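Shared chain: subunit A. Partners: subunit B in the first complex, subunit C in the second.
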Partner chain A sequence: MNTLYFDEIEEGDELPALDLFLSKDGVRQFAKTAGMYFPRFTDDEGARAEGLPGMIAPGVMSMGLLARMISDWNPAAVVKRIGTTFRSPVLPDCNVHLRGAVTQKNEEDHTADCDIWMENDDGERWVVGTATVTLPSKA
Partner chain B sequence: MAHILDLHLHSEASDDSRAPVEAYLKWLARKRDERPLEGLVLTEHRQFHAAGEYRELEDKYGVLILKASEVETDYGHVLVYGVNDDILKRFDFKNVRLPAQEVITEVARLGGIAMPCHPGRPTIGLIEHYGKRPPLEGVMGVEALNGGSKKGENERVAELIRQYGYHAFGGSDSHLVSFVGLCATEFDRDIKNMDDLVEALRVGGYRPVDFRSPRPQTQAAPEV
Partner chain C sequence: MALEFDRSIIGKVFDETSFPAVTTEEIVDYAVSLGETNPLYTDEVAAATGPHGGLIASPTFVTKLRAQKFTPEHLPKFGKVGFDGGRDLELHAPVRPGDELVMLSTIHDIYEKTGRTGSMYFIVIRNEVRNQKGETVAVIDHRIMQR
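So, the complex of A and B:
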């Protein structure tokens, strides 16, 4: 992981993929740490009682993983804005694949717009969104 | 001149997309070898984006840009091509429970064509409603390949098409810049404008095309 400067990135660049196994214990740990220790995030039965197919990952956890993908790509990038749409519940105990691409460079403020998304092994996009990041300048 | 068009995508004019039209065009220019599209049809949610003016972008990027709408009906979501003043007077596109049969019939009478999209999707797709109510009359084609579909959804549509003899088309349903043109429609005839598109969709001679890359084998991943 090296610092990438604004001049070193190009529109169309793909962010390095981040592939993870999303475990139920990992989700419980996140929920506990985030003060969100609710049944929907901690056990299947509790989640089903709320009408869900099973325990799910909190939305902010998915957003956090997408932000991690960005910081893994470029530790000097500052996430100014991140917005997501949750197309499906994120059900743990499976692989998740975080993906992204630079879609626009903004010369005036040295920011870049990125598409970001989380998909499963079948390529179903569970979470899609965009982020704007500020990048360091060599000048 | 356009033979391959993405018939279903959303720009930042839709409430759930942040994709600028020019960013779509720049992305396509970079990906031309992988996604050889010659035209886009912007299908904004629950509206016809009359203010959108893309002539300069068409000239700059050499891509045909047409405007249509995605409306919500009691049989799921429907793409409306050839939107005109008469259609806009007849229907309130903001209504999320438009009567599908009236939309199909009246849009055709008024010069356009209405085609159900992502029919295999739960709740907002045609197939689920066909399981409970009579089939719609006058449907000419359905979106057989949707870039945002989940596993099994596009496959369910194949059976629908076999049963009812609908024409099949494709669209990316892109809400993000980088998804533009992943699925599209190839026409036998040249599409130069919306009139050409409506006529072509009525008579047939088109098919969905898939420009998605094969998925890599899943590797063992670190746990989180």
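So, the complex of A and C:
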């Protein structure tokens, strides 16, 4: 893992993409550790009984994966703020693509604002958001 | 059209939930379930020599805390169906093993938005998480959408 310093990033930089296959077992595992072991997050039948098309991934799991993308990009970045809007239910057993880009560098506090999002194979953005991270400085 | 309801419910703490001390296992399991490999969140030994002198929880860990009461008793109902609209998370200090967290819940805002498909109502529940030293570690704004 390599530390990325504030001076080394630029506005417009893209965060390295995180492409994953979101499996149902992976969602169940997350739901269990996050204390969200509810039917809608564990099985299709239980989810349908709640009026959903099938089992879905918790919104906070998508948010957690976006935070992981930031950590993969720069393990020394400290997330100060992360906000996400859940636009569409995430039905697992599919590929998800986590993306991000630096939109603004703030010299006074060595933070970077980023756009972050999760999309499917068709480029539909299921989850969109922004994050502000503090980056280490060489100075 | 202005939404009509008793605005005095906004900003009042309607729930205070205390949690058992955070364990190392909980922190590691949560991070691993997201595929995190950052040793700060997953490796107690490696994290000991890191910037925090020990393991810390990954940023969204606090979203797993559940308040005893999700909404206040007399929350007016604005729509028939509720959706999880999203979260905003502000992080002020890291969560570490042994932390005894307390979560204070308030209704932060209620507002209406009119879109293509009609009116939608947003209820923003604010969960402030404090540690045993009384420091605010995180503020989570949870947007519930009703229509």
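Everything that follows uses one rule, which is that the second predicted complex is superposed on the first by the 138 of 139 C-alpha atoms of A that agree within 3 Å, B and C clash if a C-alpha of one lies under 4 Å from a C-alpha of the other, contacts with A are read in each partner's own complex, and residues count from 1 in each chain.
Following the convention adopted for this analysis, a contact is a pair of C-beta atoms (placed from the backbone, for glycine too) under 8 Å apart; a residue touches a chain by one contact, two chains touch by 3 or more.
Here the structure is a predicted model, which means the values were calculated and not measured.
Once chain A of one complex is fitted onto chain A of the other, the partner contacts of A:L22 are limited to subunit B, with no touch recorded for subunit C. Of the two partner chains placed by the overlay, only subunit C lies in contact with A:V79; subunit B stays clear of it. By the touch criterion defined above, A:D115 lies against subunit B but remains apart from subunit C after alignment on the C-alpha atoms of chain A. Contacts of A:G35 after superposition: subunit C is touched, whereas subunit B is not reached.
By the document's definition of touching, of the two partners only subunit B reaches A:N95; subunit C does not. The intersection of subunit A residues touching subunit B with those touching subunit C, taken from the two complexes, comprises 20, 26, 65, 83, 85, 129. Those residues of subunit A lying in contact with subunit C across their complex are 1, 20, 26, 29-30, 32-36, 59-61, 63-65, 67-68, 70-72, 75-76, 78-86, 129.
Interface residues of subunit B facing subunit A in the complex, by the touch rule stated above, are 16, 18-20, 23, 26-27, 30-31, 148, 150-151, 175-179, 212, 215, 218-224. On the side of subunit C, the complex with subunit A involves touching residues 26, 29-30, 32-41, 51, 58-60, 63-64, 66, 83-91, 143.
By the touch rule above, subunit A contacts subunit B in their complex via residues 11-12, 19-23, 26, 65, 83, 85, 87-88, 95, 101, 103-104, 113, 115, 117, 121-125, 128-130.
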